[in-house]
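As structure tokens, the structure follows; a few thoughts come after it.
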């Protein structure tokens, strides 16, 4: 999640420098280190918007995540800078993070505008002063498509007036979805949209493993854009190499489980054990025979 | 102890199975004398003190173990690098010493060496008590002894530990049988004593069915023969498998194809050393000068020399060849043994535990009982430390540097709890031998009688 | 409801990691079942959410994964591992300056005893005239694991996704695995870990989180499969500010340190990746990139190393 931390750092710097921040504890309070809250806005597949907040504070001279911080999130604010629609109250995790969707009850406010402000408010606590942070994002969407010759095309548009308008100059990354990260499709790290809001990238990762049908998931994303937040979309394409899972993993091996001992070992071990213990049992049988003879002898007397 | 010996024997009851009745040559002992000499005796004051000391050691050991159970293995000196310490070296020592049962009894019996008859039971009881404590000490070494049953529930056939558990159990039972079957005729003699001892019921339970008929003798002889053959491979297995606990790893000093025979030869040496010590002590305190003679010591001494040379040979293989190559991972390990931290211990074990006894025993006078006794002790003590030198220095020389651990993790010195438990286990093994000698004749009476008669008839 | 060019099913599944919390890298399905849509079964219970278009949509609850409370995985599942995966790590030695953030994060998240470290950073000084370098060492998760070979009770085991784990509820504490491991990565809980918070003590042990560590049993780096199930990186990887560690799936031919994602085969080829002690035949799952073109001089790392080197 390092990328996120970096993103959020950038976000935090932006918020501070653009003067939108209203962190009251900026007034130097020697005893209380200021709590810093940052908000990130995400959408995926142009469907559900959600927010992730990060809380951190300086400790031992370094910023460290603050766990258990209670943060109230609002949609939009009034002229006094107070939040209006309560999105929810979240508590940060051990990594100083918390997230939420936007509840259906805010439908009206959400629809009222094409650009929204999210406000994160914390109350004064034992350790920290109250804070208020906000970000403003414009409603946007990203569309991904595949073109001939293994090209990926993505279009970024903004919701203006009552229509989706393509936007120019947005940095878009094109990738292949992998575990915990997206592998870029070609050499370029990112692409910038043209006047039609489009970027085009050539898929160069030939032979990359896909699923059992050879399908891979292509990703187009805008990351931490000042205006649009993080938006992301995925599309499946049959450009990968078929991957067949190795089904003979649980074979017999020396490192196998108790039920997967190699046959030669089972055979050797059991034949030795049976041989030796057979002998022991035979010897016990001999002792019993001696005993029986002794009893007979006694009877004779 | 020596004055509590005279017992009234029902002569006919004993001599019945024997062929010649009371045939006596000049200088030979009568049957009655033999029997009264060899019957178990009550402890004298010295014996009492001895048992008391052993019990004290055991009690301290048990106390230390209770502490360990309560606080965990943190009470030991072992840490992540030296993750095995004197518990494991003590275990290897016990397994080694128990091997002697098969040497004296089986090998000498099968090769028709009769002079060893008086030594067989000494060897066998040492084997049984040592293997018992080997099993106990391995449980002591476990971090979670209460989960011992997991070995049976989830035992993996691939693990050398499972092999070890199997062969040790097997060896224990075979040794017990080899102790028990030759004891049967003696049981009859014990039951025939007029004086009813406290163990009368035990004798009756164990051996009242032995009537000494020809058929019984024939079956028992057959059983002993089978046992003697069976015990040799099993005994070899216990020690080979124990060596594999080390040799199946990659560690410098353990990664050796030589390890099985190296361990077995070492076991033979320490086992025969232990028998020598036991011979001397029983001879002296049970007044068995007529049964364990200078001749026995002489022959035993020659065997010890042979075994010592054999072990020395394997040691040369074990250390010279890696030292010749000085592979990087082996370098630190060998340095620490030859000239480093472990050098004093290493050279003492090599010199005191092998070379000096071998030289002493090369001389006829060196094979007299007392020098033999001293040499035996040197061999046994040397062997104990040799096992320690096999286990610990290797662990303190891992492939990657010892780093990111507290300073105490980079060294190993056993804590008092470890010493107490190790000493307690040794005392326990000696206690078993002592108590056994109190209850049963430590020299087989029946076999001695037969031998005397055979000698007389010649 | 607008389904665009993705099926409704795919869309719904995308919620899995829009997932309320922590959605660094969102996914179409569960992170692991590439192309296996069947893995998530609808429960029929619906949850209402607001879409970007301002519409209220209903989503089946099964597709919403409340991340912090993942359903507990049974011991037998934990022993089998995640099908179709083969986790690997790449450690770029040129980026390490012995900051030990990885170690601290790992120790903290696994509540490792304060004397112990699952992740060790060695000052490597291989030859007299060669340059020393810092080498972070995790469990190698060998494909021929010598530790698993010798375990008498199946307490340590190899899974199909390549991970070697320990079942601390079964471990008898014989420490044979520690002797067998040539990389010396295994540690032993000589006493009850002093770092475990009270509330964790009573919690049942999970092989995947390796928490809580228990007295008298062996512990080691677990490659954080619990994090991988959440499509998150292991703690050491995300803790390193220099991006030294890369984690990924061999079957996907990709590794990432969070900020950068590389094709594994290219990375190993271009930077001459190697394994530790491959001559032992243990087949490690951890690869190293040689400390060429270093980002930091070796001496930089000495600041964090009070130990004698």
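Chains here go by letter, A, B and C, matching the order in which they are written, and residues are numbered from 1 within each.
As a working rule, a contact is a pair of C-beta atoms (placed from the backbone, for glycine too) under 8 Å apart; a residue touches a chain by one contact, two chains touch by 3 or more.
Please read these numbers as outputs of a predicted model, since none were measured by experiment.
> Identify the chain pair with more contacting C-beta pairs: B-C or A-B.
B-C
> With chain centres defined as mean CA positions, report which chain is farthest from subunit C.
Most distant chain from subunit C: B.
> Using mean Cα positions, find the chain sitting nearest the overall protein centre.
C
> Go ahead and note the Å separation of the Cα centroids belonging to subunit A and subunit C.
14
> Rounded to the nearest whole Å, what is the centre-to-centre distance of subunit B and subunit C, using the mean of the C-alpha atoms as each centre?
The answer is 49 Å.
> So how far apart, in whole Å, are subunit A and subunit B when each is placed at the average of its C-alpha atoms?
Centre-to-centre distance between subunit A and subunit B: 62 Å.
> Can you list the residues of subunit B that touch 2 or more other chains?
Where subunit B meets two or more other chains at a single residue, that happens at 154-156, 158.
> Where in subunit C do residues touch at least two different other chains?
Residues 149, 154 of subunit C touch two or more partner chains.
> At which residue positions does subunit A touch at least two other chains?
Those would be 254-255, 257-258.
> Which residues of subunit B touch subunit C once you look at their complex with the stated criterion?
Where subunit B meets subunit C, its residues are 71-74, 76, 78-81, 83-84, 141-145, 147-148, 150-151, 153-156, 158-162, 165, 245-246, 248-251, 395, 398-406, 409.
> For subunit C, which residues count as touching subunit A in their complex?
Touching subunit A: residues 4-6, 10-11, 14-15, 17-18, 20-28, 31, 34-36, 48-52, 54-57, 68, 79, 83-85, 144-145, 148-149, 154, 157-158, 160, 228, 231-233, 237-238, 240-241, 243, 247-249, 251-254, 256-263 of subunit C.
> Going by the contact rule set out above, which residues of subunit A touch subunit B in the complex?
254-258, 261-262, 265-266, 269, 273, 276-277, 279-280, 282-284, 286-287, 289-291, 293-295, 297-298
> Using the touch definition up top, name the residues of subunit B that touch subunit A in the complex.
Those in contact with subunit A are residues 154-158, 163, 166, 170, 173-174, 177, 180-181, 184, 208-211, 213, 215-216, 219-220, 222-223, 226-227, 230, 233-234.
> Residues of subunit A touching subunit C in their complex?
1-6, 42-50, 52, 93, 97-104, 106-107, 110-111, 139, 141, 143, 145, 175-184, 205, 208-213, 215, 217, 232, 234-236, 243, 245-246, 249-250, 254-255, 257-258
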